[in-house]
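Please go over the structures that come below.
Each of the two complexes below includes chain A, the first together with chain B, the second together with chain C.
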Partner chain A sequence: MAHAVLSCLHANLAALEAVLDDIDRLGVDTITCLGDLVGYGPQPNEVVELVRSRGIPTCQGCWDEDIIEGLNACECSYPSQLAERRGQLAHHWTAAQLSPDNKDFLASLPLSLRRDGLVFVHGSPNSQHEYLLPDMEAFAALERVVSAGADMLFCGHTHRPYVREFREGSIELRLRRPDSGPGQESERRMDLPVRRIVNAGSVGEPRHGGTEATYVIHDGDRDTVEIRQVPYDVERTCRAILAAGLPPPFAWRLRHGFEYAERADDASHVCER
Partner chain B sequence: MARWALLSGLGGDLDVYEAVLADLRRRRVDTLFLLGDLIGPERDCRPLLERLQHPRRGELRAHCIYGWWEEQLLAERGYRGERRAEALRRESGEDAVQALLRAVDPGLMDWLAALRFGFVELDCALLHGSSADVGDSLGSATDPLCLLDRLTRMDVNRLFTARSGEQFSVALCGGGITARVRDLEGERQLRQSVPSRQVIGVGRGLQYTLYDPGTDHLDFRTAPDPARVRRRGFA
Partner chain C sequence: MRGVVLVSGPPGCGKTSWILSRLQEHRGPRVYRRLEGVDPEGRPLALDGGLDQAFLHDQIPDLRELADGSQDPAPEAEGLLALIELPLFGPEIPETLALGLRPDRHLHFGRDSELPRQDTLVFGALDSWSLDLVTEVWDPASVNSFWFELVNGAYGDVYRAKALVNLPDGRGFLFNWMVSCSGTQFLPLRSVAPPHGRPMRLSRLVVQGKGLDTAGLQTTIADCLISDAVLELQQAPRRSQGEPLPATG
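Up next is the complex of A and B:
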């Protein structure tokens, strides 16, 4: 059976509506959401209410958590200190806009969802803030899948969709204990399981280099994962961003499909966590 | 040549510490690392903590980090924000928390609070648990994938850990993995080898470990039990 997985909606109603239309058109009736319903975008209440009205099972993203718990993100996730400042502005604006009922909904979201061998998280099984990037050290990435007890791990957070499969893995080791005499170390080889990480990309704030909203469709029967790109009315959201008084670079990002950063690597940035 | 001694889990027991120090006198050790759990709930920890702060003349000064028991105490005494000693409470109940509070004089808290999470020396991480958590218990039976992850997080070649109390060494010495990525730009595949790295459990109490960074030689040792030594009249 096919099911759709979406992530990082970021209060972008036009993008969410377009993606849901695409899912409905394909006749897929199971949807899972990996969180970050709010933040950056101009329609936090509308997006939360649409997800609630569709009854979409959702796990909590880092923005959802931060709106409830107060700013808790490791600010290293921002590419520059100015970007961090803009993120804080968006945080306070969103917190002021969200209705108490929608805040309660975000607070009620679980950190992970599980369906058979499929595990759904926002960032990683360790944290909503951890990025599972496509070029992350392979053994460490596989460890996240295995430690979650998953055959396939669905995540978001990076805003770039991908499917990563690990295979032909093994680890050879030598074990020594105090009672092992010289040359009596035991040797072992462990074959690693074949596992996959599927990143659903971002509906509301894509950063893959295009302006289309992205999400994925997993077909369990055919064992396929399709990365979907859905055009939507980007200008409608950009106008709403500017009308709301949110930082203009948020609109720039939507028009270009890239992170906006004054410096890609700010050496003076210090992790505050 | 530098030689390290690594110990942990003294639980406030000065007799055990002195027994290890006595055993070390014949081992040409020049650096002593105490990987946490200096304290415990079973005795007054003041004599040991004062000795660690003020070693006797000619005695090695221990480089200390905090362990799981210190973390519980620091949390319960308000040094960890809103967190409390929930792990201890869950495992052993309220009585154990109260015993721990009684075992450590509040006047010693600032010194304990200043202890570091770990050291990185010569591409070796010296920790109580792991890079994931001070309570992370790594042992000889731990999934090698988990061990490799903990090494990778610290980007070190050797990880010395104490939480499990076990003396062991697991050397990751071969293997690899193929990762295939498909995204909107296309498909690519990369084969990665297991890096040659090692996780070492240093033991607890009288059981400790000697390490020579120059030769990579490990020696798992057990100091004579001070109670048995005293009974024989050698105290």
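Up next is the complex of A and C:
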């Protein structure tokens, strides 16, 4: 059965509506959302309410957590002072806009979802803030999948969609106690079945070089993953950004396919607050 | 090359870079003067704010400057090279422009073959905007983002942008960008500011373009400039450890 996975909506209503229309047109009726419903974008309440009205199972993203906890969007991971100032402005604006009911909804979201061998998280099984980039060291990436007990791990957070497959993976353990002599070692080898990481990209703040919203459709029967790119009315969102009083460069960056804030130099950074 | 040479050309044609090369290779007294150009058709000439002059003096510490255009350097020391820079679209010097000096030669970009051939812009009516940034220090990652936005049109259609920026480690850079050229020149200054408070050398941003969002520019720049406290945090370790200043140039 095919199901759709979307992530990183970032309060971009026009993009979310276009993606949901695309999913409906394809006749896919199971949808999972990987969080970051809000943050940077101009329509946080509208996006949260649309997700709620569609009954889409959703896990909590880093922005969803930060808005509720007042953590100010993990300022320790901002790559520049400019990004931090803009991020703080967006954070305070979003926090002021969100209704109490929608904040309660975001606070209630689980950190992960599981369906059979499929595990859904925002960043990684370790943290909403950890980036699983496509070129992450293979052992570390595989460890994230195995530790979550997943055959297929769906994540977002990087805003760049990708499918990464681990074939013929194995882990060898050799254990020797401190008081044991030479040769008294226990060994264990685990041959791992094919595992995958699927990054759903971003609906509201694409980072693939274009302006199209991205999400993925996984067909379990056919064992396929399709990365979908959906055009939407970018100008509508840009107008809403300016009308909301958010930083005008947000509109310019969205219009040109640039992320709102540049990426952190250390993508593996995890906030340890 | 010797003598007094007037070097003219339109904005962005490479006058300053060419002049720097000639002055650097000259063994003898070196003199530089930048004149303000006048265009008969009223087109804006390079709004510079002293950036080129400051950069040349940084690169050539013993460079002498003519106090004013009326001073004739020709009778001075033998082997002298005096280069006079004049922003000018066409090769004809307008009668309204009083040079006040007698150059031995006049070289014009686009006319004289010994100058490099470079595309130059034909500027129409452009807005010019300049911001004094003396004593200001940029967050390095932020200035990178800002410059990317600036030259890619986030604050209007920018045709030319030039800046002398200070970084927290004491280094300074000349940023030079022109819409007709690929990429920005990031040229390091030779001088490094000491880790004691704010740098006092000339620092400025000049922008020419159409529909410039000057309020947006100022808002973003304010978010890129670091506070006294942040600057002190970055300078203190260099003072206490006696760390050698980073080499530039």
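Going forward, the second predicted complex is superposed on the first by the 234 of 273 C-alpha atoms of A that agree within 3 Å, B and C clash if a C-alpha of one lies under 4 Å from a C-alpha of the other, contacts with A are read in each partner's own complex, and residues count from 1 in each chain.
Convention: a contact is a pair of C-beta atoms (placed from the backbone, for glycine too) under 8 Å apart; a residue touches a chain by one contact, two chains touch by 3 or more.
In this text, all values refer to a predicted model and were calculated from it rather than measured experimentally.
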For this session: Could you say whether A:His91 touches chain B, chain C, both of them, or neither, answering first, second, both or neither?
Result: neither
Problem set entry | Between chain B and chain C, more extensive residue contact with chain A | B
Exercise. Looking at the overlay, does A:His122 come into contact with chain B only (first), chain C only (second), both, or neither?
Worked result: neither
For this session: With the two complexes superposed on chain A, say which partner A:Arg189 touches: chain B (first), chain C (second), both, or neither.
Result: first
Exercise. Where does A:Arg160 make contact in the superposed view: on chain B (first), on chain C (second), on both, or on neither?
Worked result: first
Exercise. After superposition on the shared chain, which partner residues are touched by A:His218: those of chain B (first), chain C (second), both, or neither?
Worked result: neither
For this session: Scan A:Gly209 for contacts with chain B and chain C and give back first, second, both or neither.
Result: first
Problem set entry | List of chain A residues in touch with chain B within their complex | 126, 134-135, 137-143, 146-147, 160-178, 185, 189-190, 192, 208-210, 214, 227, 229
Exercise. If you look only at chain B, which of its residues touch chain A in the complex?
Worked result: 132, 140, 143-146, 148-149, 152-153, 167-184, 190, 192, 194, 207, 218, 220, 222
For this session: Show which residues of chain A lie in contact with chain C when the two form their complex.
Result: 79-83, 85-86, 247-249, 252-253, 256, 262
Exercise. Considering the complex alone, what residue numbers of chain C touch chain A?
Worked result: 139, 141-142, 144-146, 149, 152-154, 213, 216, 219-220, 223-224, 226, 230
